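You will see chain A twice below: alongside chain B first, and alongside chain C after that.
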Partner chain A sequence: MTAAWQPPPTTAARWMVIGEWRAHPARLVIGALAIAVGVALGFAVHLVNQTALASFDRAVRTVNGAADLQIRAATPAGFAESLYPRIARTPGVAAASPVVEIVAFASASTTGTANPAPMTLLGLDVLRAAAVTPSLIGLPPDRSSPFDPDAIFLSRAALTAAKKNLGDRITLTAANTSRSFTIAGILANTGNDQAIAVIDIADAQWRFAQLGKLQRIDIRLAQGMNRAAAMAAINARLPADARLVSPENAQASSDSLSRAYRVNLEMLAMVALLTGGFLVYSAQSLSVARRRPQFALLRVLGLRPGALTVQIVLEGAIVGLIGAGLGIAIGYGLADLAVTLLGGDLGGGLLGRGEVHLDFSAPAALVFAMIGIAVAIASSLVPALEAARAKPAIALKNAGDTTDPRHRPAGWPGLVLLGLGGLAALGPPIAELPLLGYAAMALLLAGGVAAMPFLARALLAPLQNLSLPAPLDLALKRLWGAPQQAAVALCGIVASTSLMVAMAVMVSSFRGSVDDWLVQILPSDVYLHIEGAETAGLDPTAQARLAATPGVAKIRFLRQIPLRLAADRAPVILTGQPDPAASIPLIGRTIPVPAGEVAAYISEPMVWLYNLKPGDRMNLPLGGKSRPVFIAGVWRDYARQFGAITLADRDFTALTGDRTRSEAAIDTAPGTDPAKLITALRQRLGPVIGAQAMFAEPRQMRAVALSIFDRSFAITYALEAIAIVIGLVGVAATFSAQTLARTREFGMLRHIGVRRGQIMTMLAAEGALLGIIGVIAGLALGVLMSQVLIHVVNPQSFHWTMDTRIPWPLFAGLAAALTAAAAGTAALAGRRAVSADAIRAVREDW
Partner chain B sequence: MRILLLALALLLPAAAPTYPVVTPGKPFAFPRDHGAHPTFRTEWWYVTGWLKTPEGKDLGFQVTFFRTRPPTDPANPSAFAPGQILFAHAALSDPALGKLQHSQRIARAGFGLAETSARTTDIVLDDWRMKRTPDGRIRTSIAGSEFAFELTLTPSQPELLQGDRGYSRKGPAPADASYYYTLPHLKLAGTLTRAGTPVTVTGQAWLDREWSSNYLNPRAVGWDWLGLNMDDGSALTLFRIRDAKGAAVWAGGSHRTRTGQQTTLAPSDVSFSPGRLWRSKATGASYPVAPTVTVMLRGKPLTLRIKPLFDNQELDSRGGGGPVYWEGAVTVPGGRGYLELTGYQSPLKM
Partner chain C sequence: MTSPPALTVHQLAKSVPGGRRLFHNLDLTVAPGEIVAIMGESGIGKSTLLNLVAGLDSADAGTISIAGQALDDRQDDARTIIRRDHVGFVFQAFHILPHLTLAQNIALPLVLARADTAASLARAITMLANVGLPGRGGDYPAQLSGGELQRIAIARALIHDPALILADEPTGNLDPETAERILSLLTTQVRASSAGLVLVTHSDCAAAIADRVLVLGPTGLTPR
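Showing the complex of A and B:
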């Protein structure tokens, strides 16, 4: 080697990279695929959520007609209309538009379909709306009177839903009243997603039992007005049962609807990406280990250690780049498929089934691609540094484990990381998100993987002194002596197994708890729900009529109304029902109610969202006043993520003045056929309410609820399946790489008389042992991480708790599959390695 | 005259409720008749006039409060029942600007936000007002995005009852009529605010009060109206309702001297000669902005050559569903007032 001939190291490096990939394309493909899967999931989840948020936001803005500010009633009962002139005269308010907003149904008889078409019925003063929400004003083609009490204006979506044309008659039912109108025009500027009907406000008040009441006042502020001052002035005039909502509030409220769900899905995608990172790491480590002599040669030829590091990292970056590009393409396809199949919220049930348009977002694509590349680079960094550190002279000769088998791997880095993970799990939510919980999961994962060499030795140590057949003994000695290589193979298995196990435990615990809860809350034989009964439900006469139906042993009537407690939060559900303490699934103790106070039972999410506990008092904005209630207990509720409050029915009636009821739980008399009873009850409801009535038996309701549950976890199941596949592919890739790298070792063994079959047995045993160690470690780590999911992530994001349930059959299957896969792939790879000519294999060594 | 009412008329469906019919011989009683007559279909308080700024510049202005009664189900107990709709419009004619500035308010009556009184002139429409004080003065204040004013109008003459003691025929049928009185020669003082700067203004104004249930004959496509405060203290009112051919369906008016000697003009006493036409570049309509009118006063013809303060006093309110018309400040030798020309861009429909 003279200074006269300087081979350009980069050229040599390029040859090596290309040569390596040409020789082992599968390694490149697996690494890239692992990254691609993570990036694809992350990007798909992000796209779908953005789409869902955008369409939800559009829906909210459409109904609101883009007012600057809005006053909304705390309950559908509305607030007194006397607020309107007070708001109109508030300094800074340029125009105020009073609105009656109720849910109405286009009657089934006129739509000709089985289900009545629900729509938002707005009663507007067109003269006021013109200055505030012009998009809500219908244009009559013949310029007839906007005050015409017979005229109704429909959005295109409402027209389609009701199967009507311009000029047709349409019958709307709301507040137990039906009324027919002539469709006088179309709301051209409301988009195509929202079913909206607009009539004159006076007629809406009169015909639908809203006299004296408004649900909304839309506000346009004067130009150049100090917004904060105007808002303060308006707030000062609001009664207890009205809230000032700004577009930002509305956005926050709609954002909060799906925020936790969204962030959790994105975190899951990131976890998939992390698993991909481990696979890249293990592939790169093996590839580096295999090429150690080549790198040493390069070093001897004059390549600097830094340049070597750069080269290996570059390899990782190229894998990452290919994976990220692939991932973005797959992610878009996946998002498109998910939106088409599951709807805008991935089956989360948070959004209606509106039309969703998927938009490709270039900045988001770039971010996710960068994350994928960064993970690939980071995963290559450790092996790269290791290769650069190796002494060229030794590395040139030795292709095995560079660490000394007598050196005990340290356990403390793993323990420190696990300890930090435990600490992070105790942390509070940040910005109402369990960010520390996720950090805890990542730390636990990292700790578990870091502890693997130590753990592998610890687990194998008891087996060391057993007298075993030669192949098994060889396998044991090999694993014990080369713990780093074992750890490389293990980290992929452990990472994917533990994540899979954590998710499985969480989902099975959740599903089990929901199932138990459903049994608890559905003790009766038949349930009745009146759809769209926010404005008014069954009146006392109708209730009496139902109670007197033959076959009804006992009937309990309930009333549910949405109640807006804060402007920037989704409304909670207020329920009035007989004897709540006896019929709701209470958790923890209840507190005796002081004499003269009203008992309220809050659902678990309220504890988190409104910072309440039993024994506290809170104010309910009902009937124009703030009504103090005493919180007597907390109950478990998986149905309403944004909170629910239950009152005894007489308290509910006293506070709201509302004697109507929207649901009923019916116990049948012995020997009654529920189907016949339902028919009889439906008849007694009459055609108007009958069309809005939904009957169900608990069995059906449970089935429906669990199918909704399963649908909303469909994406989770998909992620799990993908994690399993990644794990198995990782195992296969790792083993085949390691086995192929040991051709010389096998040649040597053959030389000293070990039979081919024995080598195969040794390899299978090695694989099985690794698989078992990986599964044990993965299960332990997974159960640990599942506890973080159950006790930290879920309560902090969804505000409910659940009882842990271990899915043993799944665990057993998982353990068997992983062990078998590990042993099988190791043996398969071994066949190839062993089939090589023993002499040539040994010669390769010299 | 009073074309903006058309925008409101469009709000009325064909099947109208039964409105009172305007009949002759019904004596007026003040201040009761300064107030609203809510059973009639339409009504207005229409002020036009000239303002003088501290720099001595002349501006024309107009401010009108309209009331209409759309058909509603009287059984509807809702406070929002649109029993009465109030509409107000204000415009400013500044020759330096070369075009009109205007502003408006509209609301259904109720909640104290839009109200009239049946006892005297006392109108509230959001932040716009017109109120008569017991001493007979009328205060009005309006605020738009380009200008705002607060004016006090002080009568210097008694009410001028148009037509037959206030019964003013508008068409060939006796029912085509309105109750109509005028307060000419109102002394004006107040404040005009433009671009945030208030200035004191003085001037002279004219108030038309009219209420009716059946204003326009079906053959009519437009009308011309003229009100002049003459320097000698006399007041001249002229109107002409035109058919599609430009011929008068009806015409009329009045002349009253400073001393109160009043002449009611029959259709045959009034003739309009179009004179110079001004063509609007914006709408394409041509208006006789400088007509010559001749009236027969006690057997003697009085000919007046009208000169606009400036040509472009056209108002296009089609954006708000209203008509295109010309209404502006005009002078004649020895007098000044307001001229309204409607139906020149397209026939008015009612």
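Showing the complex of A and C:
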């Protein structure tokens, strides 16, 4: 450490810091609260995300057992069981366990609820599973045989969901078949949050139409075996419709499910922290400006410049430390509340509604506390350096404003930062995250704030020549002559307004685009969805029955199945439907399909995730083979973030051999009552499928979709509101401090005959002018930043695009509210200042 | 062995931005225990001279030594150390920190030099008694009159036994009666400490306490 950066004498630093805070405790509280709010939000969001993810990961591991590797079917239809002996004989494989894995429902009549209880039904070969995934084997409490074909073993979650006890009978429905079992035992080692049922594999294949098929093979490798070599050997034996998945792949896949959503939320929380940082900067700048003569005295009495810098930064660090400590405590409480109210994914709907146990993470708490302290330190650094650079002899004699109105603020630093922000926005995603997009947002924000002195002067310049009443003229001249001070007051409001505007434009654009999309994809009168139809659905006979129902004018059947294209990615959804080109919302150009090729239409996320475009060809792992398809076009899909492929009905059947369908879009005949039609359709489905059938009208579906949208953005709205409140508190604190620092100026004005009311008018005018400038700058900057969110962050995070929509009425209200709040705050702060004795004010030294 | 002069200024020159020359070839020596008053018209450069002597401003030419230690060519940090250890200040506007107690204000030069806090405060209590405010170490500046504040400033200027005290219009904000008492106190305390005192003033009454009265003009300092 050089001598210049030697710390200040401890006693002097302590006296100065404690003395300042004792004299102005509100400033300490506001600064600490600003940091606390940011840290609390960041920590809470992180804690909820990590807890939910850990729970989700636990759930995945529970279903998978503890296998070293897994072979998973590309589709729920599974792969041929003849693969199993080939894998078991592969060098390096110590043991292999064949598994049937299908979605099953405990029927509503047995659960006693309105809806059937879904669970994962595993069919295991007990002897082989014992060597690979022993946690999945159930043992009867009486140590009777686990091979009883009538026996079923449930996890505690499944038992609870089905409202059953040991020894009860339970009816499970899967693959259009219902079968009853006796609950013979509990899966003790599968945790409490996953509904799993285990039966004998032969029974599962025989009873649920899976003969000759497996959905996965769990593998334990031989000890000391080279893992890469074993994986290569296994991969060489795999058919096209099976994928080798390692635990790392599984984790990456589950992580990718919500990664972008989590990162976006954490970034939003950081935005609140950043806004808090601007508030600390405002507070510190004003505090330093007010105490300029005090610091000058310390310099004259022998405090070195470096030590003065350290002392002021130390003040900021202590504010940060207090705020961070408070933030961690509040954050934990918020996380607890959020999990209780919104669920583990904060309403995002990505991780399901499993039971979530909130765990305090000390390392994460430390990281967020350090971020809070770092923001506070960074916010104090600029004022600290300014204070150390000030000439003590001059500062000692200038207790008030030392701004020289002739000095023109430079516009180039702001422009350079804005330009860098623009360049960063053009960058590609890093690790599939829009990190450069976030950097662009931060640079644009910094550029906007840095340009404020220049902008404030530029906006006020045309008003300089107006003939205005004295109070307004004084207010104008003050802001025009001291744009740096105006900028300090403005930075908090500009930061929070611009971020709020950016988010509001993005959310409004997203919501509007989703609404339009829903109208496009839901043209029919009634929709039918068969829940859990991965392994079965409506066979051709059932389809014909439904089509013949009186009141049905036209019915289109669809089939949706998950299709695993890559081991480390979430499965995409493969859809077969009649005439896709006419019924899906295509964007961009479509390419004529070469003769003899199969047309496929991919959703936007496929373009980003699999680097595909119209005119390309791709292979689909279906029916044990790689099926080439030609990409004819791209369609907009807001429902499946991880990609969807649509084929024409006949192509889907030809490639998969699957003639069943899982959805139907129904146009009603004129005069048909949809409710009566739904009842008639349900009757024709029969009791087994009817229990899994869900009917809805487009109006309901739109309402549900938009309510899910609003729920998933609820946390966003809350964070926006907090950012605005922080910004307004910043304005209040800044005005209050600036007004008090100008007590002497007001005393002088009172001496020369300016009435108290006129000073109040002057201050209100200053506040209103600042509010207007802040709103103009915040709106312009916010709309600019929204374009980064819409065209960079969203496509790179969620892989979909949207059309910009600006919520003008909201912004008009926001502008009016902020301007009024700024004027009101300034006038309120002024009341205190002008109430001081005019003579004492003029004589006051500090 | 004789003590070095409290202050030695040799061939000092200073111009203000814009080129106007304030003074050049300025010489001044202040012996330990000597009181020198500097007078002159407003804007002639009295305060600038004081700032140069304090190491708060840089001269165009010439040398300055305080208690035998040259300020010239030293970096700001090193000049700060000399100022901290060897110079005391009394200002027209008192400059007492409002949120520190009177004892803390007085002890500030010692704690800035990293002296023991308890010892510094004990010495500040003694100094308070010396300037006529016994038992008020725990009071805050807001409870004091202008004259009392300047007593605190004098105590602060002397607490670390400086070689040189620089006083810029120390009675400028005080009524004549209070000013007289403050000047008397300053003289007594300075004589007792054997520090040199440079007093910049417009007041003949204030100048009357000096051993020498010099007038600052463009050609330097001349005896009145």
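Just a few scattered comments:
Here is the rule we use: the second predicted complex is superposed on the first by the 824 of 846 C-alpha atoms of A that agree within 3 Å, B and C clash if a C-alpha of one lies under 4 Å from a C-alpha of the other, contacts with A are read in each partner's own complex, and residues count from 1 in each chain.
Here, a contact is a pair of C-beta atoms (placed from the backbone, for glycine too) under 8 Å apart; a residue touches a chain by one contact, two chains touch by 3 or more.
Just so we're clear, the structure is a prediction, and the values are computed from it rather than from any experiment.
In the superposition on chain A, A:412 contacts neither chain B nor chain C.
Of the two partner chains placed by the overlay, only chain B lies in contact with A:98; chain C stays clear of it. Of the two partner chains, chain C is the only one that A:306 touches; chain B does not reach it.
Once chain A of one complex is fitted onto chain A of the other, the partner contacts of A:128 are limited to chain B, with no touch recorded for chain C. Residue contacts after overlaying the shared chain place A:200 against chain B, while chain C stays out of touching range.
Legend: residue contacts after superposition of the two complexes on their common chain; A:84 is shown touching chain B, with no touch to chain C.
Residue contacts after overlaying the shared chain place A:22 against chain C, while chain B stays out of touching range.
With both structures placed on the common chain, the touch criterion links A:212 to chain B but leaves chain C unconnected.
Shared contact residues of chain A, touching chain B in one structure and chain C in the other, are absent. By the touch criterion given at the top, residues 81-82, 84-85, 88-89, 98, 125, 127-128, 143-149, 200-203, 205-206, 211-212 of chain A touch chain B in their complex. On the chain B side of its complex with chain A, the touching residues are 10-13, 70-73, 76-82, 85, 106-108, 111-113, 126, 321. For chain A in complex with chain C, the residues that touch the partner chain are 3-4, 9, 11-12, 15-16, 19-20, 22-23, 293-294, 297-306, 391-393, 396-397, 845-846.
Chain C meets chain A in the complex at residues 47, 51, 54, 56-57, 76-77, 80-81, 83-85, 89, 91, 93-95, 97-100, 104, 108-109, 111-114, 117, 120, 156.
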